[in-house]
Structures are given as structure tokens and as C-alpha cells.
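The next part holds the structures, each set out as C-alpha cells.
You will see chain A twice below: alongside chain B first, and alongside chain C after that.
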Partner chain A sequence: MVQQIKPFFLRYGPLLTTIAIFILAYITGGQMYPAMQKPQVFFNLFINDGSLLLVSIGMTLVILTGGIDLSVGGVLALTSTASAALLRMGVSPYIVIPLMICVGVGFGSMLGWIIQYLKVQPFIATLMGLFFARGMAYIISLTSVTITNDVYKTLALTPIYIPFIPRAYVYPTTLVAPVILLVAIYLSFFTRFGRTIYAMGNNEQSALLMGLSVARTKVAVYAFSGFCSALAGIVFSMSLLAGYGQFATGMELDAIASVVMGGTSLSGGVGNVIGTLFGVLIHGTIVSILQFNGTLSSWWTRIGVGALTLIFIGVQSLFYLKKKPSQGQ
Partner chain B sequence: MAEAQDIIRMQGIAKSFPGVIALEAVDFSLRKGEIHALMGENGAGKSTLIKVLTGVEQPDRGTIELDGKPIQVRSPQHSQELGISTVYQEVNLCTNISVAENIMLGHEPHRFGSIDWRKMNELASKAINRLSIDVDVTQPLGNYSVAIQQMVAITRALEVLSAKVLILDEPTSSLDIHETDLLFAVMRNLKKEGIGIIFITHFLDQVYQIADRITVLRNGKLVGTFEAASLPRVELVAKMLGRSLTELNAMSKTRSQEEENKEKQTLMEAKGLGLTGSLDPVDLELNSNEILGLAGLLGSGRTEVANLIFGVDAPDKGSLTVCGEKAERFSPLESLKRGVALCPENRKAEGIVGDLTIRENIILALQARCGWFKFLSRQEQDQIADKYIKLLGIVTPSPDQLVKNLSGGNQQKVILARWLATDPKVLILDEPTRGIDVGAKTEIQKLVMKLAEEGKSCVFISSELEEVLRISHRVVVMRDRKKAAEYAGDVDDQTLIHTMAGEL
Partner chain C sequence: MWKRIRESRLLWPFVAWIIILAFDAIVEPGFFRLGIIEDPVYGKHLYGNLVDIFNNGAPLMLVAIGMTLVIATGGVDLSVGAVIAISAAMGAVLINPALGNQLITNDILTKNATNTPLPLIILADLAAGTLCGLWNGILVSRAKIQPMVATLILMVAGRGIAQLITNGQIMTIYYTPYFWFGNGYILGLPVSIYIVAVVFLLAWLLVRKTAIGLFVESVGINAKSTYYSGINEQNVKLLAYTFCGFCGAIAGLILSSYVHSADGNNNGLNYELDAILAVVMGGTLMSGGRFSMFASVIGAVVIWTFTVTVYSLGVPANALLAAKAVLVMVVILLYSDYTRRFMNRLFERRGTQHGTAD
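This part shows the complex of A and B:
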């Protein structure tokens, strides 16, 4: 029995730690500010952090391959601004939304292609992508572009009440991220694409020698991250009913922090998107606590996230160190 | 000539790289159900021949036939499709995913568009059971030993790629005796099933244990293919080296003469040195001008002794005295200051820095000892590098060659040079001859003996008994992380083997 429990903890330890910290943080918040005990506060986490969750899901898969995608915030800003501008020109949202998704996928594929075939470091390639995308957003408009489209308004403001929980609601846009989360779970655990991500994150050379399509997978992973960022851009512009080049400044770093808090290792091959969900929820909980307090500077969010991320990296290496002897023998 | 049962027939294979002729008109054939050893020193052309067969390199000339049909191997993937699979010393699998995935990935069973995990695990267990080993296929591969990982790699080659030809490249280098036996049992089974196995190794014993035929290459040329049963061991070595064995024999004689010269002075003394969970307290004594052999199986505590003495791990028991001074603090840097140096076992991971030049690699430890701020002029650096390149006979066009471009034997010499440059009194060599060819081995052994003559003391760790016996003045045998026994250098190998096995 004990022999079975130990590998279980070694394997799922980081994930369990993340979940435990989320629950602990949430309960602490509820103790400090009784208003936080309302169920709606929990659903607000999804409403407020939907875009961050979307971006972090894409980021998780990229980091699992051993890469990084710094362009996510830029792509979000670009798609939000571009969609706002197109809507103002009178283009139908049924054209704008698919078009923006195409832009995101195209942009991501392009970065993936540059990384895979021109052998550019992911850090550099996607940093350029970030500058380019954010720059393009400002070219489209230097100021915030408001959205008056009715479809957007309806999607952004129609509450969907949660069954069995009184007065708890979310918006249609809130549902996008959980759906994509399910898609990402399916992709990463039940498809060859997903398992190839894990394999190449551990050892790209080995994955190649195992006959897996490493090149295609790498391009596809960045394309998927671009897809998530574009979706995040649409969700973001819907909830604020605006598009602006300044949206989501620094979100790439919040996303990376959430992914790491979720137990995914930056060296690739270890972690999963479920952990990322809890990483994002922890981020949201810290923000909520600060909001309920009302007097603290919002920079405490960054400090809190920073401290927790460091703790997680520490926990990860502890697990790694424990695991090492068994690998040696 | 044209035997029907040949699976692979390579004829007149030639390959040259800029400045080097790697292969010159080499013929090679592999029969069905045969274990064929491919032997030769480093740089003899073994790797290139295998690379040509597996499509990593394209030959300049020559033909390859598979089952009598001419083929052109375009890429490693293509060779796998043709049924030629390679299992390398460093297992090319992914340690983070499960054993089952490592076996099945790329050919995994699907159900309703998603991976059918249950069926995949079932198929994988069935496949690995064929090698009659017991493995939980749902565990991550990294939880298992290298030996099991190799078995998994073999299983993948056989099951998923339905290999007809299996190339095992130095598979036993990191295995202990039991694991090697297990691998050999598997190889014999596969042989019965009609699979052709190309076996590359440096261990002569193992070749004679298992191989049917032996092909020897030297300097890119074919020396010949022989029936293992009719080729005496001495002759095989002679063929590989292209010279007689008198040199080797001469060496052991110089040692016995040297022994007369007894002026014992204790240079280093460890009393009850140990670390909880790593090594039980050990007493060791090292005299000047002495080579102390440290023998034992893999995991017996050999490397742990070295790590404690060098301060890689700090001991929590006992004491260490070097040159009459008791060691207070333990760290590699302190050890260097004490005059102790360690050439670690894992050359690639712990020793060389492949992307630096030979000169820079040699200077490294000296620089660390002098401190970061004391500047060694380029001229001094060049002098030191040139001195050791000449002294150790490192084969290179210039000291500015990147170390990763050198052969294994030469890399080992660079590491040796690095520590010699710090002018240590005690030199610990952990498996200095592992994975290098017979010629280079002999050279390293000679070097160590020369160093001892010149006043250095060496702790020589090796899993090859023959080698330990040949050069050591005294031999300490480790077993189960304890010191099992200590013998004079003229002990016979039977006694050692029995001690290592725990029968004495």
C-alpha cells in the first residue's frame, strides 16, 4: 500500500499542492472577508480571469514542449483592436470572429515555423511576435475603440444562471475558457499530438528517433497558442466592449506564472493543463482578496503571485530531487 | 558467397568526410538469427558503418542489400520502416511518459478517435513479456533502470517497428553483471526467433560470451570477419590494434620491478569515512607513488568513496587526512587546494565542456584553484595546453579544437590533463577507461603508471578487473557500500571476483 502511495505522490504531488494552496487561499479569503463566501465570488474568478485562463492553456502546451510563447498578450491586444475596428466599419461579427481566430492561428503558425525551421530560440521569436502584434494594434488605432455591436453586447451581458445555486451567474463569454480547457485536456491525454508534446518536451531527439512528427507538432503547438490568444482577445473585447493596444500588458508573464504555479516545469515534459486551471484560480483568488480589502495596492497581486511562483519552483525541485535517486538506479 | 540466409549484405561501402576517410571499401553481412559483433578501436569506422546502415549518413560508394534486394536507406525513419532498428547506449526514449507509451507511441491503438489507453497498456505488457521481464507499463519510464529502459527500447523496435535487424550500440556499458546477463538472455531468445543482431561493444568477454561471428574494422578498413569460436582472444585484440600484445605484457613487468622500490610514506588516510545512506565507514590508506585499485560492482560504493574524498558529498562520519593535515571542510574547491583531484565517472555530464576548446578545458581547474581574478595570460595558457597535449599524446590538429569533436579516448586525456595541470598529489580516477578503445585504454593505463612513478598517488576505480589488477599496487574491493577486503596487487582475479560476489 505504502509502496503504491509514494509513486502516486511523486507523480501528482505538484498538482495536489497547487489544488491545496488554492483551497487554502480561498478559505482564508472567506475567513477574512465574509462577503467572499458568496458562491458568486467563485464564478467571478472565471468571469474575470477567462482571458488569462485561455492564454495560459495555450501557454501550457507550449511550455510542455520545452518552449515559451511571449506573444500571447500582443496577439490578444491585436485581435481585440482589430475586431473592434472591423465592427466599427460595419463588418458582421460572424465574419469578424472567425477572421480573428484565423489571424491568431496564422500568427502562431508563423512563429512556430520560424522556431522550427529557422531554428530561432522560442524566447526571441515570440518576443518579436509580441512587439509586432502590439505594434500592429497601435497602427490600427492609437486610442481605445469602443464596440457598439448588438451581438457582442448580447454575448457580453446576458447572464446565464447556474442551476441549483441561487443568484449565481456567468456570461456566455465565460464559458469559452472551460470549453477550451476540456479540449486541451482531451488533446494532451488522448491524442498522439498531445503525447508527442510530452515526449518532445522530455527529449526532442528521442521523440524524433521514435518516429514522431516533432516538426509538425511544434508548429501546431504555437498555432494552438495563437488560437487561444485570439479567442482570449475576442472574449476580452466582448467583456470590456472595446479594443485597445494597451490591453493585457504583461499578461504573458501572468500566464507563465500561472502555468508554473500549476506545476508545469519550464524545462518541458512535466505538468498538465489541469494544474494551470488552478494556477489561474490562485491568481484570481489573490486579486479577489485584494479587492475585498480595498485599501491595498493592486501591486500586492504581483508580489503574491511572485512569492507563490517561487514557492512552487521550490516544491517542484524538491519533488524532482526525491525522484532522482530512483532514476539513478 | 551469396548465402541465402543473409539479411543484410553491405558491399564496398566507402564514406569520407572532409579530411578523413571514414570507411574504405568495407564489406559486411548479417545472417538470419545471428549475433554479429562489430569490433574496432574508436575511429575504426564502426559508428560510420552503422550510420550508413541506418540512414544517418549516405555512403559515397557501395551497395546495401536487405533480404537480397538492393536498398537505399534515406533516413533513420526509413531504416526503421525497412526493419532495421538501433538501440543506443544512451537510450533514446522519453523518461517522462509511461513505458507503454514509449513502446507504442506512433502506432498506438485508437478508439473513437482518441487513444485507447487500456488496449495500449495491454498490448505493451504483452510485448514486453515476450522478453520475459516484469514491468508495470503504466509507470513513467524514468522510474526504471537503464537496463529496463534498454529492454523497452528493444521491445519498441521489435513490436512496433517489427524489426528484422537489431543494432545494439554499446548496450552493456552502463549495466551491471546481472543486467547484462538479462540482456544476453533476451538476445539469445531473439536469435532463436531469427532476428539478426549487430552487437557493438568494447568488452571482449561479452563478445566471446554471445557472438557467433566477429567483424573487425581498423582505420576505416575491413580487417576481416571471423567465426568467434575459431578466433583466439589475443588474436582478436592484435587484429583490432594492428600490433602485438607484447606492449601490454611489458607493462605488468615494469610494475613488478617498480614494486621493489619500497619507500612507503602515507599520503592520504581516511579513517571511518562515511556518509549515512551513501557509504558505510571506510578505512583507506594511500601511500606515495602508489596506485590503489578500487574494485567492485556497479553500485557497490566505488564512486561514493571517490565523491567523499573529493568533497562532492560531505562525509558525516570519520576523518580524512591528506599530507598530514586533517581535512576540516569538504568541497571540491577545498580538495583541490589540498592537492586532491577527481576525474569523474561520467565523462559527458560531469567532465568535459564540449563547447570549449581543448586549451580552455585544460585550464578550467587550474583557473578555479588560482581564483577567478588571477589572470592566466594567453601565453601561459598555451604553454600549459601544449605541454599536456604532448605529454598525454592528445591527437588534435590544434589546442583550439572544440572538445566535443574529439574521440572518447582523447576527451578522457583532456580531463586528465585538466587535473594534472593543478599539480595534484592525489589523483582519483573514476572509470577513466570506460567507453574508449583498447589502444587508448592502454595509453591511459601507461600514463597512470608513469604518473605514479613520478610521485603522484592514484586511486584507480574500474569495473574491469583485468585492468585494476594490471596496474594497481594494492586493491580494495567494495561491496554493498562497504569495504569488503583489501589485497596486495598480485592477488588473482578469481579471489577478487569471489570477494565482489560476497563469497569470501
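This part shows the complex of A and C:
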């Protein structure tokens, strides 16, 4: 029995810790602020953190390969600004949305190509991607561009009531992230692509020697991250009905923090997308508690997220040091 | 002779600088004009675009010096911008007579007075930045977190801390002696140039006249073998990050003194990009190893000249970001093994270079 429990805990320890912390944080919040017990607050987590969840899903896959994508916030800002600018010019949203997704995928695959074939370190290439995307957003518009398009407004503001729960609703845009989450779960657990990702994260050299298509997978992973960021940009611009180059500053850290909180190891190969969901939920819970408190200022979120990342990196190293003693320095 | 020049790491930064300056000379004939002006506060001093480049570029040069050491150990410090903001916030808070949650009236705020003596302010500034660097160093060397992630934490949390210090406000500084660091002149040249020179000299003595420079390079090339040769690689890394924090602190002091204010969100924004660019231009590889601080300083000058040039062409500041990102990418690619191999092959085919040493 003990022999079965121990590997189970070593394998799912970080994930279980994350879920436990999320439940604990949520219950604590509910005790402190009774208004937080309403079911709508739970759905608000998805409404408010929809774009963060999207970005984090892409980030999880990238981190699983052992890389990192710092460009997510930039791509988000770029697609939100570009879509807002195009909509203002009178382009149909049915053209704008696919176009923005193409931009995201193209941008991501370009970064992946630079990383894979020109052998630039992932964080340098994507850091440049971040600044480049933000710069492009500013070139499109130096100020915030508001969106008055009717399709966007309908998508952003039509409530969808949740069955069986009274007065609880989400917006159509909220549903994007859970759908992509399901897609990512399918991709990472049930496809060759997913297994190649894990193999690469554990040891790229041996993955290559096994005959796996490392190069193609790496480019595809960054392209997927770009796709997620572009979707996040559209969701973000719909929820705020505006596009601006300064949107989502520091979102890279929020996403990395959520991924790390979800039990994914930064050295790659360990973790999964489901954990990321709970990482994002923890982030959302912290933000809602801060909002319910009302006296704490916004910068505490930044400091809190930084501190939490650190704690979870610590928790992870506790778990993985036992598991892989040979890998640590 | 040609080979020595071609392989010198000062060549490319200088070539880039000369190209930009030549461009300026053609587009804007008045670019190089230097003059002497009588200032009511600081007396006679030089003025002109060239002086401005060195004066405004001083914070970047300082950060580049620190960043060189960090990158030479094989790491990177993304938090320099946040460190600048923290250091600037520290100075502004200590100067401002209204502390903490006290109600700030315009009357108190705009007084040319200080709450703390100037030397203490400078010490607090430097201490705050050095502490940030130490924190990064401990995370990287002792907790073994990847440098990028460890410093990313401070990059985001640091701006929060800076806002916490200034209570979320943009603090304007009205205390005139504090302005000396960014606006003062000694013998007709800006004070900031002297500060850079002193810091550079100290750093140069540290790394070239003691064994520390060699340790830093060996950690960058192979941390494990350095450890096995009996060098405490942890402390070498700690020193590099702490020094980078210290440089960031001085940069924050100069910057806040120059713009007369402290803004947690915007002080030192995107300095991490510029600093990485400067170091990479100076020929220090991102993977660590051999480094040259002087080349990094030249790199910083090139970037600032580029910035001033683009500004004078009328491009908005934020749009400059995209151009700089492309520039970094190109420079990194130019220095990559891939290009170097390509270049060597090219020269060999021409028959001018036989048996080039890599």
C-alpha cells in the first residue's frame, strides 16, 4: 500500500497541493467575505481570467518542452490593438478574428523557427518577440482604440445562464478558454504531438535519437502558444471593448506563475495542462480576495504573484529533488 | 593586422557607431554642433547632442557594466528596470517631506527641502538596489532557480515594490541638490559621465586586476568544472548579481535626478532590453564566457546614439521598441555560431584567411 501511495504522491503531489491550496484559498476567502460564497464569484474567475487561462495553456506546452515564451503579453497587446484598429476601419469581424489568429500563429512559428534553427535561447528570442510585438502595437496606435462593433458587443455582453444554478452566468467569450483547455488536454495526452513534447522536455537529445520530429514539434509548440495568445488578445479586447499596446503588461509572469503553481516543472517534461487551470484559478482567487478587501492596492497583486511563484518553485524542487536526484546540480 | 582588427570585439560596435553618426551628419547637419552655455546654477558647461548622448546614456552604460558580469556568468538579469524604479522611489520618498500615509499637501510637496540628509539618501538608494541584486544572486546561486525566472520575479514584483514605496504616486522631486547627479557639471562636463567613469574603473580593477574576472569567465564557460577546480562558483554568481543590482541603483539615482521624479511604473522601463542589447553588441555571448565591459559601454553609447537619432527623426518613443527588438535579434544572429561559421567559410573560400583560429 505504502509503495503505491508514495509514487502516487510524488507524481501528483504538486497538482494535489495546487488543488488543495485553491480550495483552501477559496474557502478562506468565503469565510472572510461572505459575498464570495455566491456561485457567480466562482464563474467570475473564468470571466476575468479567461485570457490568462488561454495564455497559460500555450505557455504550459512551451514550458513542457523545456523552453519558455515571454512574448505572450506582447502578442496579446498586438492582436487586441490590431483588431481594434481594423474594426474601426470597418473591416468585418469575421475577417478580423481569423486574421488575428493567423498573425498569432505566424508570430509564434517565426519565434519557434528562430529558436530551433538559428539556435537562439528561447527566452532571448521570445523577449525580443515581446518587445517587438508591443512596439508594433504602439506603431498601430499610440493610444487606446475603442471598439464599437456590434458583433463584438453582442459576443462580449450576452450573458449565458448556467443551468441549475440561479443567477449565475458567463459570457460567450468566457467559453473560449475551457474549450481550448480541452483541446490542449487532448493534444498533450492522446496524440503523438503531446508525447513528443514530454519526450523533448525530459531529454531533447534522446528524443531526437529516438527519431521523434523534434524540430517540427518545437516550432508547432511556439505556434500553438502564439495561437493561444492571439485568441487571448481577442477575448481581452472583447471584454474591455478596446485595444491598447499597454494591455497585459507583466502577463508573462502571471502565466509562468500559474503554470508553475500548476505543478509544471520549469526544466520541462513534468506537469500537465490540468494543473495550469488550477494555477490560474488560484491567481484569480487572490485577485478577488484583494478586490473584496478593497483597501489593498493593486500592486499587492504583483508582489503576491511574485511571492507565490517563488513558493511554488520551492514546493516543486522539494518534490522533484526526491524524484530525480541525478538531475539537480 | 587585418585579422587582429577583424577579431577585435570593439570593431563592430565602433563600426555601428560610425555608421549611425555618419547618417546623422548627412540627415542633420547640426547634429555635431558643440557649444558652451552659461547656466545660472551650474556655471559654464558644454552642450550639444554629443554631450546629451553621454549624459542621457549614462544610466544605460552603468546597467550595461553590471549586466556584462551577469551575462558572463551565463545568466541574465531581467530585473534591472525594476531595480532602477525601486532605487528612484527610495530616493524620492526619503526626500519628500511627507512620508507614508500622511496627507500630502502641495505646499509641503513643492518645498525645496529634504527629510533626510543627502548622503543618507544616496546610501539608501544604493543599499536598496544592492539588496535587490543580492536577492537575485541568492535565488540564482543558492536556490538554483534559473536566472531568467529568478530575475523575472523581481522584474514584475519589483515595480509593485516601487509603487508600494511611493504609495502608488508619481513623486516629483523639488530638492535641488539631488538634481546635481543628473544635471550637474564638473569642469564643463556632465557629472554622470564622471560617475560612469568611476564605476567602470572600479569594476575594471575588480575584474582585471584580481582573479575575479577569470572566475566569472570560467563560471560562464562551465560552472561545474569551475566548482570542481575549487572555485566557489556560488559566490562568484552572487557577486555578479549583487554588482548588477548596485549598478542599477546608481542608474536609478541618476535617472530620477535627471527627470526630477520617481514613477514606479515607468522609471527604467525597458532598460533590460537595452542593457542586453548593449552587452550583446559588445560581443559578450549570451551563453557566458569571455566578456568585455568596455565593449558593452561602447554598445550602450551606440544604442543611445541610435535612440537620439530616431527621436530626432520624429519617431514616437514607444514605436522605437519594435526597431530595437529587431536590432537585438540581428546582432544576436550576427554573433551566433551559425553566422560565424558562415563568415569563416566565406573568407576561406576567398583564400584570404587560411587556418583561422576559432
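Operating definition for what follows: the second predicted complex is superposed on the first by the 323 of 329 C-alpha atoms of A that agree within 3 Å, B and C clash if a C-alpha of one lies under 4 Å from a C-alpha of the other, contacts with A are read in each partner's own complex, and residues count from 1 in each chain.
By our rule, contacts are C-beta pairs under 8 Å (C-beta built on N, C-alpha and C of every residue); 3 or more make two chains touch, one makes a residue touch a chain.
Remember, it's a predicted structure, so these values are computed and weren't measured experimentally.
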item	value
Which superposed partner A:Pro39 touches (first chain B, second chain C, both, neither)	neither
Contacts of A:Ile303 with chain B and chain C, given as first, second, both or neither	second
Comparison of chain B and chain C by chain A residues contacted	C
Touched partner set for A:Gly201, first chain B, second chain C, both or neither	first
Chain B versus chain C as contact partner of A:Pro159, first or second or both or neither	neither
Partner chain in contact with A:Val120 - chain B first, chain C second, else both or neither	second
Touched partner set for A:Pro98, first chain B, second chain C, both or neither	neither
Touched partner set for A:Gly211, first chain B, second chain C, both or neither	first
Set of chain A residues, in rising order, touched by both chain B and chain C	329
Parts of chain B lying in touch with chain A, wherever the complex brings them together	76-77, 80, 91-97, 101-102, 105-106, 108, 114-115, 117, 139-140, 142-143, 145, 156, 161, 299
Touching residues on chain A, where the partner in the complex is chain B	7, 11, 186, 189-192, 195-196, 198-199, 201-203, 205-207, 209-212, 269-270, 323, 326-327, 329
In the complex with chain A, residue positions of chain C that touch it	76, 78, 139, 143-146, 148-149, 152-157, 159-161, 163-164, 168, 223-224, 264, 270, 273, 276, 286-287, 316, 318-326, 328-329, 332-333, 336-338
Chain A residues within the chain C interface of the complex	68, 70, 114, 118-121, 123-125, 127-132, 134-136, 138-139, 142, 245, 250, 252-253, 256, 266-267, 297-303, 305-307, 309-310, 313-314, 317, 328-329
